[in-house]
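What follows is a pair of complexes built around chain A, which joins chain B in one and chain C in the other.
This part shows the complex of A and B:
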């Protein structure tokens, strides 16, 4: 065997091993969701079993499914608000010169520099005083603020790439500003916009710390609900796995749909495919 | 036909003066070229006329009314940009139609006009395509079509051809010349390319470091360059400039420079004698043989061949004279040996003289 072929084989072997390491837990959760309790605890593990939907009924009947709904409400509203605000902010930062522009940009990103745990107590107190604790509005506000910082920076990268001449051509042609933003700029930056929205969704969907802190029983999102599932006799792994499966599915689907734009968004628009 | 006048324009960018009291009266219905090296302020000037940039001082008049504070869409100007600024999210048709749609034209009227200008610019077959599938030259045609469709008072072209390759550039230049005759409108065209300026312009404005150096017809700019900057800039290859002194030596008039001495004819105007000068000779005015017709007044230069640039039909000969290198453009292919001795001839009437201190042209 030639050396080059050997290297190829080794490379593929390593890719496969890595994939197994990463994908096996997801596979395991997925199959567990459809196992009966007796199959879950079987030793040695049962690779072949009769699938059941019992866990799904339990998740629905026990009301745990509402946590997914909560996640969807909180994620949906906060992402819509933050993408609108951060795209407008990004356009402003990209196109206008004003005093302290760099300082403002730095200030915005600096809000994301410290670990969230540092601000947990002040935020808890603040939200308590404002009666926002345990409400949808409280969580939505929190996530909107956190996403705007990140969204402004990423979207600025995408807007920067659009030549300024296009703005000016539109201005001379007679486009009102709002019409230019909607009809000309938005379609150009759509790939970036989509990727940014996905990253924002993933962030809110996955967030745990603030969700735990600021939600109540009625507004509890799935990330917190998952951690608090307890059965009468220890953890009910079947339910956990089922809720987990429902929980990760939307994100996996979204990422598959837009994966080619994601890389550019994660590198602030600097890497081209 | 509209008249554009700018008065005392001043513009600062980050504390640097990019336009320094620029005043120009652009002639009605003709194509004025603003010629200047990169960073000379051409684009800024055009952007101020278009209204997308505000001057720090000075005014812009279109047809006698002061439009300095008027937004671009109300000035009735159109602009073609250096970067290929078409709307990537729209088809070619929608791109061209957009200025009319924004002005609320009827769709039948729009359709008629779009097809008209598309035909004029030979892009009828591209109307349904997306800009991303077009070449640079095609995109610039779309941009020009979009600029002319609404028949504005003034057309602005900001270095529209610099990003295109040479063949397409000359093609579009020819077409613009035709278009100019059809439109008979006031066109302001910025370019860093002196050849483009000479070939397109009815009127030229040479700008450098934010100041107007000279304005006039292409003939005036070419044959009466105001100073060494214009002389060197307008022409390709650029003019040879030799620093030295004109004085009488041993009863004969001569140009004496660094390590060289060139005999000059007695017909040389008084104004250039007995003083330090910069002598300018265009490479295309130098010949290998003395002209047969007029032996009187012919100046002979001699030196050694330094390098040869063969450009197909033409040859640029670099000749070392003393410590100086001069270029001669010969209208044929010629390959002498390197370091061989060579004589070059030029008629004294084709020599330009500039003052050594002020660098200004000396009228003879």
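This part shows the complex of A and C:
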């Protein structure tokens, strides 16, 4: 019995150590965001210090905050469009048979394998010609396209789980299709839908390569703004840490909301809990 | 609604968008890979056939990048696998607060790689970084983490090692999550029988656990290897490929080829070579591990 207890204690201790190692970097950046310059460059590091909001004012005053706004605009619009289109397509793929259906499904899942760098070059040329480079519309279009492949696949899994009898019952009751989708199907698949939306948000919010190449100074989202801080004279780590904190905080909150469905979505549905 | 056209209304928009912004660009870039082309000089568009491919495949510069990428992938995916497996074994079964622990461990892979890379630059900083503070306190050494000096781990440069460590920090939880799902699918009785037979832990791992979760391990390895090939954001921000070319992964090289030296044709050709490598590797994995 004593040995059992000991093993249990050791296990908890190891779990806590793992957590500390894993979360320390995030903790340190949060803390740095509220430090004064003196405390940031102090050696040995200051564990206890007087917190300040100076970095926040600086981020707001220097206009860096606009990049967060850009991220929000681009993410919001593209996710709304992608979730509507993906859910409709998921329903189509789940309930109808048509020519080339399997081929399309295969193509959709194989986009998971594609390195984005393969697509980004022709897109760059294409958007330069169409004058979409540097515009919100360009980025929103691209993120919508990237999200609908993922979204259609995941949502199809959720729609497949809804028995077909429900469709038929609704049809017999004389429900028009759109009403069935909105009033019957949507409430059933809501948990899956919410998870998919959140993952779409996180994807767009975090994306960097397309944002780097397709945005301009005015439309540049936070990921690019963060990466390009490097260019400015020296690193003002306090300011960087504050912008990072503002940037990653929404993601951390969303992960807590979506954790249950995360695995399934991240593996394109190949692994379920 | 006419039944014949109903599916078109549902899937039509998605298919059209994919065709316009995904399939068409892919075909276009395949086409471009046979041309000499630069967007900076619009007049320059010359058909060169397989010349780009021949030139790139016989270029030692390209092979060096493949070697760097190979080292990075083997080390990062290998470490992620081991650490992820260990973490999954640690978190197996039920205990108080499991859900919150797992969720917290997922954070590194959900936060933007750009943000992660940026704060690791701060943590790795030679003079002010907290990591060096710990190493000097504990072992009395100061390490130039993002430099080109060889590290104790197989002699790879510290910069590459740092990149591997950041990647491991980000993605071990992903391995853990998949393996944890696999472990929870093992029937309880199997463990109970093993318990009764008093098999040692190593043998339990070898004869009970691993055979059971083999398919899941396979998925984890394939997905991570594929994604490791795509690593771009992390390198771009952490080291930008440097110092020198020590951390210039193939994706960064393609980026430079296309947008620094404006060799669009070559960049397209190289990205198709990379795509072929990924498809090939995935097949090897599948064949080798799913027997």
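The rule is simple: the second predicted complex is superposed on the first by the 250 of 273 C-alpha atoms of A that agree within 3 Å, B and C clash if a C-alpha of one lies under 4 Å from a C-alpha of the other, contacts with A are read in each partner's own complex, and residues count from 1 in each chain.
Keep in mind that, in the parts below, a contact is a pair of C-beta atoms (placed from the backbone, for glycine too) under 8 Å apart; a residue touches a chain by one contact, two chains touch by 3 or more.
Not measured: the values here are computed from a predicted model.
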item	value
Fit-or-clash call for chain B and chain C when the two complexes are aligned on chain A	fit
Greater chain A contact set [chain C / chain B]	C
First (chain B), second (chain C), both or neither touched by A:48	neither
Partner chain(s) touched by A:38 [first = chain B, second = chain C, both, neither]	neither
Which of chain B and chain C A:184 touches, first, second, both or neither	first
Partner chain in contact with A:22 - chain B first, chain C second, else both or neither	second
Partner chain(s) touched by A:85 [first = chain B, second = chain C, both, neither]	second
A:171 touches, of chain B and chain C: first, second, both or neither?	first
Arrangement angle, chain B at one end, chain C at the other, chain A at the vertex (C-alpha, nearest 10°)	100
Contacts of A:145 with chain B and chain C, given as first, second, both or neither	second
Shortest CA-CA distance between chain B and chain C [superposed frame, angstrom]	10
Touch list for chain C against partner chain A, complex	1, 6-11, 13-15, 17-18, 21-26, 28-29, 32, 39, 87, 90-91, 95, 99, 101-108, 110-116, 118-120, 122-123, 127-128, 130, 133, 169, 173-174, 177-178, 181-182, 184, 216, 219, 223, 226, 229-230, 232-233, 236-237, 251, 254-255, 258-259, 264, 267-268, 271-272, 274-275, 278-279, 282
Chain B partner contacts - residues on chain A that touch it in the complex	163, 165-166, 168-175, 179, 183-184, 187-188
In the complex, chain A residues that touch chain C	11-12, 14-15, 18-19, 22-23, 25-26, 28-29, 32, 40-41, 43-45, 85-86, 88-89, 91-93, 96-98, 104, 107-108, 111-119, 121-126, 128, 141-142, 144-145, 148-149, 152, 177, 202, 205-206, 208-209, 212-213, 223, 226-227, 229-230, 235, 237, 240-241, 244, 247-248, 251-252, 254-256, 259, 262-263, 266-267, 270-273
Chain B to chain A touching residues, read off their complex	47, 50-52, 71-73, 77-79, 81-83, 85-90, 98-99, 102-103, 143, 146
